[in-house]
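Here it is, the structure, as structure tokens.
The chains carry the letters A, B, C and D, assigned in the order they are written, with residues numbered from 1 in each.
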Amino acid sequence: MKVMKMDLKIIGDKNNKISIKIGDITVGKDKLIIAGPCAVENEEMLVKTAEKVKSCGANALRGGAYKPRTSPYSFQGLGIDGLKMLKNVGDMFNLPVVTEVLDVRDVEIVERYADVLQIGSRNMQNFSLLKEVGKTKKPVLLKRGFSATYEEWLYAAEYIAVEGNTNIIMCERGIRTFETYTRNTLDIAAISVIHELSNLPIIADVSHGTGKRSLIIPMAKAAIAAGADGIMVEVHPEPDKALSDGEQSLDFSQFEELMREIKSY
Amino acid sequence: MKVMKMDLKIIGDKNNKISIKIGDITVGKDKLIIAGPCAVENEEMLVKTAEKVKSCGANALRGGAYKPRTSPYSFQGLGIDGLKMLKNVGDMFNLPVVTEVLDVRDVEIVERYADVLQIGSRNMQNFSLLKEVGKTKKPVLLKRGFSATYEEWLYAAEYIAVEGNTNIIMCERGIRTFETYTRNTLDIAAISVIHELSNLPIIADVSHGTGKRSLIIPMAKAAIAAGADGIMVEVHPEPDKALSDGEQSLDFSQFEELMREIKSY
Amino acid sequence: MKVMKMDLKIIGDKNNKISIKIGDITVGKDKLIIAGPCAVENEEMLVKTAEKVKSCGANALRGGAYKPRTSPYSFQGLGIDGLKMLKNVGDMFNLPVVTEVLDVRDVEIVERYADVLQIGSRNMQNFSLLKEVGKTKKPVLLKRGFSATYEEWLYAAEYIAVEGNTNIIMCERGIRTFETYTRNTLDIAAISVIHELSNLPIIADVSHGTGKRSLIIPMAKAAIAAGADGIMVEVHPEPDKALSDGEQSLDFSQFEELMREIKSY
Amino acid sequence: MKVMKMDLKIIGDKNNKISIKIGDITVGKDKLIIAGPCAVENEEMLVKTAEKVKSCGANALRGGAYKPRTSPYSFQGLGIDGLKMLKNVGDMFNLPVVTEVLDVRDVEIVERYADVLQIGSRNMQNFSLLKEVGKTKKPVLLKRGFSATYEEWLYAAEYIAVEGNTNIIMCERGIRTFETYTRNTLDIAAISVIHELSNLPIIADVSHGTGKRSLIIPMAKAAIAAGADGIMVEVHPEPDKALSDGEQSLDFSQFEELMREIKSY
């Protein structure tokens, strides 16, 4: 095993744990529960989903407006219309909204509508984008690159912090391994490692974490048990009809069950 | 993601969950807590350790007599003397003992002294050895190969079952990934996957799982939360003086803490 | 093994192999040899290096002006000054220049000075950047993401092609595996796979490919033997004083040897 | 990257390169070309194959009598009958024979019939088996474990050497990575690394290396170009009817082409 010699001047200051206000909660003290569809598809499904997840105890709404897709021929998201829709629905239910920004030129517009700016796995080392979100005042959800070491991930956070924004929430979302039965291998140990090496909170994306619906609830319980500051989960009124990632989305009754299950921790 | 088309005639019979009697407990119903040193080093340390782990609630004692080591010049274990020592100390404290068998020619002798036969990670596809332990009546602890897929691991269990022995406990012990800060990446999802695809119980080796002492307790909590049927953990009176794997062993007070922490689950 | 069902409308047209004019050569017919320092450090070292590599038979000059670095505290490149310096020196020796573009906002300026736009490994799925270079007329060198599957890599190329630019050269640069003795594992099979599945030429980055100087020459020979359309290699007057990646750079006499060795293929 | 501190007392003696006499050739000086079917299926196919590969220039015949198979329900090889058949056919064509030994109890019988004892990938750290073949006088072909580091592989060879047998040929056969289009990723750099760190010859198994027929010839050329002391390749009269591994076997005309192609190196 490697001994890390990192120079994390800002986020490595472990004596000053960072806590981040999002809506009514303080991440680092309260559990952050981000739920919602993979992509914003239309207002109706979003309203239904927001209403449901709020009533079950979620405290933030997710939804992709700009979608990074492997193929240029796949659905790419609704863009700015999706952003506005998400914000409207968030306001309706008093839920702060979390959405991904893919392009440095979109940071301004996404910042206007979103409460939390998400940096996706593929962009974890898009240093220009990290710097741009570092110049905003909005909390940043920094997903781990699917093959990023802890060191690379922590330095990515430091890139954001150097620009002045230390409101960073790390998000473990599964790593790429030789195993193909699951989409990713959720690295639960990452939760403790980030807490040990930095002052940042960390949550787990339990949908991407394995890519399999049946594994979401046990993975959420495991993440919370290991000390995660929250979870992120995809919820859809009809997962089998989702435009993306239906296989890893919960339906409403499954989300209810999830919330019941993790309450005891 | 792959769709598995496996032919697990015996262990794939999910309607007949296998439960295994070990000492005073029934694995599958009660949590199996296997604790003890990586290797049997001498009787004194073993007695101390057994006494301690028993008093904290462990229900099985581990200890290696035959040690598989990367280098031929490393300590290879005490062999048959280690086996006898382990058995004696187990009897002293009414703790069933778990130890690894490396060689088909040793199955008979290990079976005589051990209550559970462990197949180590490097031997998960040593099919001759699998068949030999399949011919015994003793429960087998089958560790996942450090780069074995679920499919390969399940078929390894089927190799044992085909010979007549279905008393198999699967043990997730961390997989090899690109990450080097930890020794392995503990794949917590494996716990649910094995429960979904087979009728076998599964535990987590939380010492090898990450190779780092500070991560043992959170990983144990995560494993239990995800539904593990138990854990395996290395405990040593003085981890820093251990002949092998000290970095991933708990001292006595840490083991006490571990047991307190997982009791609430 | 997976059966790929890809929809590569443009680059999948295997009957129309793309050949790309760069300086005096036609990639796909002639071997492209890109050599030069990891980063543009100053004019003197660049002139020396360009003169040397030209005299040995290189037909393109590499040099980073914008450097993607894991840590925000590492040398980030000379930026626009580096670009201009590279172009000047390229002109001096009649060598087309290859340099990385990191930010969509820099595409215009990089296009002005560079003959080939490089997309680095970390940006292989920076879809905004892919689209922007797809709108230019300049050849694009598309490095494989360090953990990208062939499928993801090919679709990344398709993203560029969809915008109108089919002058794409694929570059295998080593993938991340469990092995830590080398920096990456150069996947030589990728050369044949890309030729089988697309109409694009492919070269190998034999410096990043393993990260070890002593392995560069054998890897270059292997790549050419497997059918690569060229290689990319880091050359520095004094590798041990390089501001980045000295360990994987050749000195002048080693580069001479490399060129002698691959000439016979 | 890791700095290795290995203690390879015997095989690390780089000034005394080991050369091994097999049939009419000396491995380390002449190229070893091992060809033949994955498994010995019947005498007729073996005779045909041996005749063909001999006439094309192969200097050793491979064929599995004991087959390690993921599933207990797959064809497990003809056992001792297969061994005898292989030996007979080898004698007929004056070809030394190479076959895998899986079980310590079979070493004696396999030694009687085989000219080279093969240790398969799954048994690379079956230390009992390594010791047993180390006690014989026969050359050992030591395949790399599919997820073994160079360090582990070299120590496995040292285990054999310590017992007195230094006639060891290393065999790179592809490693397990995230890529699923190929069965394995053939690590061509391993060839140079083993030459750098030990006194042993090394060949490449170009069939298992990628698992795809169309990649065998380019991979063989790459391996030889990188300095391999030979190759191992599966050849079958009718690959599509093979009882195992047909997808990675060449037919006769393809093997002819392979031999023509590598002759020029």
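One rule holds in what follows: a residue touches a chain if its C-beta (ideal position, glycine included) is under 8 Å from a C-beta of that chain, and two chains touch if they have at least 3 such contacts.
The shown structure was predicted, so the numbers you read here are calculated from the model rather than taken from an experiment.
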Smallest number of contact steps required from subunit A to reach subunit C = 1
Farthest chain from subunit B by C-alpha centroid distance is chain C
Sort out for me whether C-D or A-D is joined by the greater number of C-beta contact pairs.
-> C-D
What is the distance in Å between the mean C-alpha positions of subunit A and subunit D?
-> 47
Inter-centroid spacing, subunit D versus subunit C (mean Cα positions, whole Å) | 35
Would you give the residues of subunit D that are in contact with at least 2 other chains, written as numbers and ranges?
-> 2, 147, 151, 176-178, 180
Of all residues in subunit C, those that touch subunit A in their complex = 6-7, 9, 68-73, 102-105, 122-123, 125-128, 146-147, 151-152, 155, 158-159, 162, 176
Hey, which residues of subunit B end up touching subunit A in the complex?
-> 1-2, 4, 147, 149-151, 175, 177-183, 185-189, 191-193, 196, 209-212, 214-215, 218-219, 221-227, 247, 265
Would you tell me which residues of subunit D are touching subunit A in their complex?
-> 2, 147, 176-178, 180
